[in-house]
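Shared between the two complexes below is chain A, which has chain B as its partner in the first and chain C in the second.
What follows is the complex of A and B.
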């Protein structure tokens, strides 16, 4: 291990050096899944809210260790789906089964006999209603997921960190934001170190 | 988390049926005999009625067993890990095809009174040309071929899986994976032909190219319902208590939900096209079942069938769809078991809807209620023998493929 690395590995030295500068938070590196999981539990139990764990592959039980609540996304999708269904019903009803006087001709529904069926002919309308339900649900799922993850995000402080590149290789990380109410520079570093972090670095904004 | 490590078999777990299997075998045989005798007694010599009721029960369990075979093939085709602990149950259900191959004999005997094409006039402009395919000799030959093919497929997967229990040879898994694509093609052709020959030809003037998919979708919903119910039954008797957990039920619940919706999609597609075209020889099938928007036909001429059509629409589609939509409904075992039982019942309603209205083409003294009661007796009768066969195949064997290479993956399975 190089001299340079050892310097970074002593968290206190590194943090002292950066004292005074505005810090975005700290990044702790872990060697294996077990340490990451137990560290996540300790960070969770210490009451942190604004933090994230990073791993090269999905880790079973990490959600629970981080204290994640189950996503609210399904409710957004359900609401969008129902909106789509209602829109589909209104669309087919207005365009095929109504023709209101007083509305400009170009915008008015058009009563048109098709195949001898009634104007309001539900089986024929199910395909567009179904498609609009699916379309709106998909929009809700896709854009809802982006919004809830605050995406698209063009920059994140961890990406500037050289050590963090191994998050897609063989290392596990926990990043805690300084903006977290429970954050206290030295105590947070102590917590991460006692949780088994092999290296702790400060993140610039 | 239980005492054993993640991904490792619990040494204290029971994985054979033992006494429960023997009691189950005898009880199923008694229930089956009682059901078939009740159907015989109630139909009182009306062999056409008995034949239709028998076919209803028969098709119920044939679609479930065929769906079980499909499930086994799909697991190997996709190299699925999550399902390893529960795959043996599907293999056993597919191995009920031999008993169904024996139980098909009464249908071959009674088919003269059931299928209109047996007595069709060769000069008939609609039916005449179809008699090249639909004639007694060729029908019997085809049914024999179908069962030989389906039983061979089921036995091939079953024997490899059983052999792996003893030798633990990875080659079994590799072989099954290598040929699963070919098996799926053979399965699809045979399964579709079974649906066309045994059920669709009850109304030989009518045709629907979606018919095989319709039966297949309903059969899979029925299969996943029975899969969930069987696992719950086994676990309540202390078998596979730690190897099968909430995660596996959750995935089975997803399959069940998927096929509830797929059935609705196919059923509607089949209906909508023929409703829209409004051609008499096509709409006749739906009119006979009361599934029509034509008021005069639906509420006066077809008797109570429109009510059954509505019960099917709501019970097989509109009610279970939102009920199974949520993740939590699939993860709370009591709730999932309820909807599995619900779908097991509505697969029967589907089979009654498909088969029993064909009785209107025959002279019969029986009432609507009587036809339904006898169809349920036929279902209980075939079901009894089907379960007896299931217990027999399970026998003293493990109900889990113990040395499957993906068993650890299945034990550690988790849904995100």
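What follows is the complex of A and C.
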């Protein structure tokens, strides 16, 4: 792909080239929740797509202020829970209620005679089935959340910034990527400053 | 930091669901901002350890060593070193297993059930209550592991294809136990670790030494507090809480099935599942209070784990204690009402037989002594509260002793009666399990965040934008507290 072609597709490449193409984006610091919320609304309304707010705790109302969609995580958990339930039913049925001919000895089910009870005694199998349902759902919630968040991720441009260390302690940040089509370094900085940012820094990639 | 002014309050107070008649103190005391919370929690890890911590660690590690030596002795010699016999084949190991597994339940109650009920006061205590759950379940898992007779074969409990052509017998409550306790441990561990990720990131960003930076950096998984992450994180947390709630109720129910499904008089009882769950929460809260009282003093976090938290826990302990007392009374009533002479004899034997002293101990520790907590003055007195928790911990251990030992020594036929007395190995191992528990706990308070900083920040008034209904009650409480201060 030629340089010219890219510049047409992605107008901001041109800008970056003028600045030496070293900027990943800008990071603005905010002192309190209310300024963060109003700033997020302003950034959203200015049409930015590739930007993110960072806070030391989940801020209520920020999803709406940023215009985020509700996560699909509950569906993943539901699917995992159903898989767990099905595995539990198959496990108890196959190992305790069947003994198929022609299957290797070690893999064949084993029919226990326990005080004349039926081999397929479903009520007595409910506890293991229930526990497997919960176990699989919990794995779904935990690993699903990490996967959707793309964690673990040990490298990120914001983590290199010294000021950003307070994002996990007491300060709030908004980071806008230079790759955003609406990004214009001077205008974006002005927008963040007028929205109440106490400090604005440029981030290296 | 935004300061609280009266004109700011006029918005949120329109919420009519707020209880106007009761004035509650705020969740975090003092003129606290986000950094104060971060500093005081991180100070537990970053400052030098108090001398009390070192002394406690020394004692705990010694007891833990004793446990290891005794387990080695047991494995090399055989289960004859215990006091177990026929008819009391279960003895101390199972008493201790049920005792430890029960303690874990309070942690899940605080972290999951109180979360679903939106009890915001739980934020200061949930982390170390969850840690307590993990460590208590570790202590519990030792006992069935070494009680199986040949402790090098515990993997026989799991379903895997093998040369014997055998599979686990899924109709057995003992196997349900393997699945229930195993799932409980795994889910509690996930819940605990997931809750800690943002706080470990805080420690990473504050650490000065390279080793700490790398260690906390690895375990924080690169958490950066992004709002999209928080959104999914909160959903995942809510889902885990919703999953852990039926799970925790199922675990002690399944443990109680080990007894209730059998025919032994004193065990064969349908009240066991709810009675065991209430007992577990009762004993667990006693342990949380037992750990919280010294911790908040030694590490100076009394403005985060406030008197209000302690009082709430005391109230839960009292109410679950009453449920347990009612269960005892119901058991005796049903034994009398059933007109079953074996059942009646067994219950009579509890207070007239050779272990009547243990039964008396149980009644005093679990039923009588906690009644002191009815009085506000007494439950706000940390010494009394501490003593009540010690009493409940002892009482709950004796409850399991009562159920297991006393019922097994008096079977249907007098020819199969027996008696039981623990050996020195039994007693040493029980003491050793406390060593393991406190060793893990003491290491936890020094190396991991003991208070959920992210959640505590989120319940502070300045964490919420104007008009957020979530905070209405909290802002209201705080304003009332400030008014009271201004008047006095």
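Criterion: the second predicted complex is superposed on the first by the 179 of 205 C-alpha atoms of A that agree within 3 Å, B and C clash if a C-alpha of one lies under 4 Å from a C-alpha of the other, contacts with A are read in each partner's own complex, and residues count from 1 in each chain.
Heads up, the rule we're going with is that a residue touches a chain if its C-beta (ideal position, glycine included) is under 8 Å from a C-beta of that chain, and two chains touch if they have at least 3 such contacts.
Since this is a predicted model, take the numbers as computed values, not measurements.
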Based on the superposition on chain A, does the combination of chain B and chain C result in a clash or a fit? clash
Touch count on chain A, higher of chain B and chain C: C
Quick one: classify A:154 as touching chain B (first), chain C (second), both or neither. second
Which partner does A:58 contact after superposing on A: first (chain B), second (chain C), both, neither? both
Chain B versus chain C as contact partner of A:74, first or second or both or neither: both
For A:165, select first, second, both or neither according to whether it touches chain B, chain C, the two together, or no partner. second
In the overlaid three-chain picture, which partner chain does A:31 touch, first (chain B) or second (chain C), both, or neither? second
Which of the two partners, first being chain B and second being chain C, lies in contact with A:120: first, second, both, or neither? neither
Chain A positions touched by chain B in one structure and by chain C in the second: 58, 60-61, 63, 74, 117, 121, 124, 127
Mind listing the chain A positions that touch chain C in their complex? 31-34, 37, 52-63, 66, 68, 71, 73-74, 77, 91-92, 95-96, 105-110, 112, 114, 117, 121, 124-125, 127-128, 130-132, 134-135, 137-139, 141-142, 144-146, 148-149, 151-156, 158-159, 164-170
Touching chain A in the complex, chain B uses residues 6, 268, 271-272, 275-278, 293, 325-327, 412, 414, 416
Across the complex, what residues on chain C touch chain A? 1-2, 33-35, 38, 159, 161-163, 165-171, 173, 175-176, 179-180, 182-183, 186-187, 190-191, 194, 198, 201-202, 204-206, 217-218, 221-236, 239-240, 243-244, 246-247, 250, 254, 257, 453-455, 457-458, 462-466, 468, 470
Using the touch definition from the top, list the residues of chain A that touch chain B in their complex. 58, 60-61, 63, 70, 74, 78, 115-117, 121-124, 126-127
